[in-house]
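Reading through the structure tokens given below for one structure.
As written, the chain order gives the labels A, B and C, with residue 1 at the start of each chain.
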Amino acid sequence: MSKIRQRNFTFADELPPHADGVVRSYVVYTARKDDAPHRYAGYLNAPDIALAVSLACEHYGQDEACTGIWVHDVQEITETPCAMEKMNPQDTSDTTDCESDPAWVVFGQKRRGDIHVELASLRAADSESALSRAVARHGGGMVQIRVVPHASIHATEPGQLIWRTHDQTYRMARGYSKSVRMKWEAVRKAEDIDEYRKDDIKDHF
Amino acid sequence: MSGAANPVMPIDPCQEDPEKLAEFEANIANGVLIEPGDWMPEAYRVGMLRMSEHHANSEIVGALPEGEWITRAPSLRRKLALTAKVQDEVGHGQMLYRVSQDLGKSREDMLRDLCTGKTKYHNCFNYPAPTWADIAMIQWLIDGAAIMNQKTLADGAYGPYVRTMHRINMEEAFHFKSGEDMVLTLMSGTKKQKQMTQEAFDRWWGPSIMFFGPPDKPGCEDMPPMRWRMKIETNDSLRQRFVNRFAPAARDLGLVVHVCEKNEEGFVTQKQVDELCTPDEDGNWGFTTPNWDEFFKVIRGNGPCNAHRLALRRFSYEQGAWVRRAIASGDTTLPPAA
Amino acid sequence: MTAMQDMLNDPVANFALSIADDLLMLGHVQGDWTGIGPILEEDIASSSMSQDDLSHALMLFEHLGNRFGLDADVIAYERSPEDYRCCDLVTVPDEFDWAVALTRRWFVAHWAAPALERLGTSDDDELNERCRRLRSEQGLHLSYLDDWMRRLGAGEGHDRMQAAMTSLAPQACMLFELPTGLDDEDHRSRRDEIFEAWSRATTAVLTDAGFSVDLTMPSEEHIGGRRGAHAKHFVEQHTEMNEVRCEDPGASW
């Protein structure tokens, strides 16, 4: 075993004091291919958004093929309350966007428990009108609409290398399925293997 | 790996506004998921916070026993896989701490409470992993047990936890397959490898049976944790499903279950038991009732590795403090690129 | 002559091994930090980089394996210590000091990137293509690590980082020891070019961040890991790496 892990540690009675300073929480979205919508991947904590982006690349960017990452501070979110039923906005008196207004990215949640997915972007003077405009245009079939100022989202560069090009199958279930199946077949009947495999996770990276 | 605790309900739900509580319970009964902006009983908030904190703690401590073997993995592919697997567990901890953070406790406080033993983590990480075959067994049996548990938790009622569970399970699939692949490789290998694997199985079969927690109390289905879908299936039912899946698989691999017994002279001997032979008429496979006294002894901190695991976690926390301070202090923002 | 000896007598192979062995042993010692790093997010990021380093070593071993008829794992694990071409910097004990671990990785990454560019100008297109891919992924490490270096230049991190740099600098310069079998003018001038690129890039970051280190080319007389004279800590890491394999030699794991 490595020496670090073998060590005998001695400690003071008390833990050292809390670290002061700001750690912010960021929301991370990933896109699986160019032009695919950005989908919620997870959160992370970081002192600033630049570091948050590089940390996001090395975590959420390595789970599955990934061509782009968006990160924004949790506090930049303006969203509707999460509805019980899918929304059915009736208001069609929506005005056209004014090019001089700031841009907003619209995310939607289809069902409670689902992740938020990028739907569109629009321009509006403030978060309130951005949200009502987003609901009117994109709220149909959603339980929640979220808007985030475009300027607050930090993105990886187009074409930036995130997902590695070397063989990643060692860290994915599909890298083992064939060899596992073959090895089981040497010791078990096919119907026993199928029965056993019923409990496998179907949806995996 | 890892599994969530049996939620402990800290506050009497009777103190809540009865109308709101009734609506909340009706929603859950109708399969509606709870999202952070919704009204929820205080007992639910605290219960979910503690459950996901315990789950996160288990991921973080769960990274330690297997982490010991990264430097010794016997091939580059296994070394890569084990590094990635342990890394995933750290990621699971990070994502789950986030759920608790949103429910009202900072990550820093959670890590501190973990270091000082104020909060707990899953019992099974207090057992040692003395050989490479233990790594195979942990990934097959313990990750296998965790997946069974976490698949039901992904069916729970709290949106943020459910989302996190889905993502975590996507990765658990790899842990389990990699574990299966290692167990299968070892059991089709040399005599020495087979023996090593049997010995590791002897160490991990018991903790896997205990993994799902002590036997359920009567009426637990009507108590808040299950009524509120924080917990979806009873411990005993999960345990039986686990045994039904793994007992026949272990038997077909050539593994046998041993129990320890003291003979007349007081020496501990291992006796083979035949519970891996056949299922009963309902298709349920038998298992030896775990030693629950031992289970509670380990939970109280007296297991073989409790002190060692916590010490390493605390050392890591203290040793890393300057890095956290240095980057959070605000004077480390990047100078403009040259 | 055995395939292994053929490989060890080949100049290009020795150059490739110096990179592959550095990345192998770096990934090995840094990988040991998985789960005990200072910040959860950084722990995860750092582990991704360890996996890259190990994968890149594997890709070079695979190339050599194909060329000389050897198994990549046999090349990675089963040479005797004096046949490894890594520099001692990569296995320098960090005593769980994250400043040492980060600085060690940063020095190596800045060497690996230009060295891969160099290796990628061989007569072998397949090798060149591998090097191109490895180089671009090592580039990700560079920007990540440079970012951390700059962040730690101010405040509490400064003195710890400076101390780590000062203590590692002599071993870092041994990155430029010419590996066994590469003792000719051509390799010497290539090596000088890489040194040039390395000290330019590292010094730029160091100046930005407010650190100062003296980086000089090691003298010929100083024989180190690249010529097989390894420090004790390398041999210990090599033994640890082989612990399970040695329990049952020849078994498949």
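We take it that contacts are C-beta pairs under 8 Å (C-beta built on N, C-alpha and C of every residue); 3 or more make two chains touch, one makes a residue touch a chain.
Predicted model, so just to flag it, every value in this text is computed and none were measured.
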Next on the checklist: Taking the touch definition from the header, please name the shape of the chain graph: line, ring, star, complete or other.
Outcome noted: complete
Checklist entry - A-B versus A-C: which has more C-beta pairs touching? => result A-B
Checklist outcome for this item: Whole-angstrom distance, CA centroid of subunit B to CA centroid of subunit C, is 36
Next on the checklist: Report the inter-centroid distance (CA atoms only) between subunit A and subunit C in whole Å.
Outcome noted: 33
Item to check | Intercentroid distance (Cα basis), subunit B paired with subunit A, Å | outcome: 24
Checklist outcome for this item: Multi-chain contacts in subunit C, i.e. residues touching at least two other chains, fall at 32, 36, 40-42, 44, 48, 51, 55, 96, 147, 151, 240
Checklist outcome for this item: Note: subunit A residues in touch with at least two other chains are 2, 5, 44-45, 50-51, 59, 171
Checklist entry - On subunit B, where are the residues touching two or more other chains? => result 64, 67, 71-72, 77, 80, 84, 91, 94, 107, 185, 312, 315, 321, 324-325, 327, 329, 332-334
Checklist entry - Across the complex, what residues on subunit A touch subunit B? => result 1-2, 5, 7-9, 11, 15-16, 18-23, 25, 40-45, 47-48, 50-51, 59, 63, 81-82, 84, 111-115, 144, 170-173, 175-177, 179-180, 183-184, 186-188, 192, 196, 199-201, 203-205
Checklist entry - Quick one: in the complex, what on subunit A touches subunit C? => result 2-5, 44-46, 50-51, 54-55, 57-59, 62, 161, 164-167, 171
Item to check | Footprint of subunit A on subunit B - complex, ascending | outcome: 27, 32-35, 37-38, 64, 67-68, 71-72, 77, 80-81, 84-85, 88, 91, 94-95, 98, 101, 107-108, 112, 115-116, 147-148, 151, 159, 162-164, 166-167, 169-174, 176-178, 180-181, 184-185, 187-188, 241, 245, 248-249, 252-254, 311-312, 314-315, 317-318, 321, 324-325, 327-330, 332-334
Checklist entry - Across the complex, what residues on subunit B touch subunit C? => result 60, 63-64, 67, 70-80, 83-84, 86-87, 89-91, 93-94, 97, 107, 132, 182, 185-186, 189-190, 192-193, 196, 312-313, 315-316, 319-327, 329, 331-335, 338
Checklist entry - For the complex, which residues does subunit C have touching subunit A? => result 32, 36, 40-42, 44-45, 48-49, 51-52, 55-56, 59, 93, 95-96, 133-134, 136-137, 139-140, 143-144, 147, 151, 240
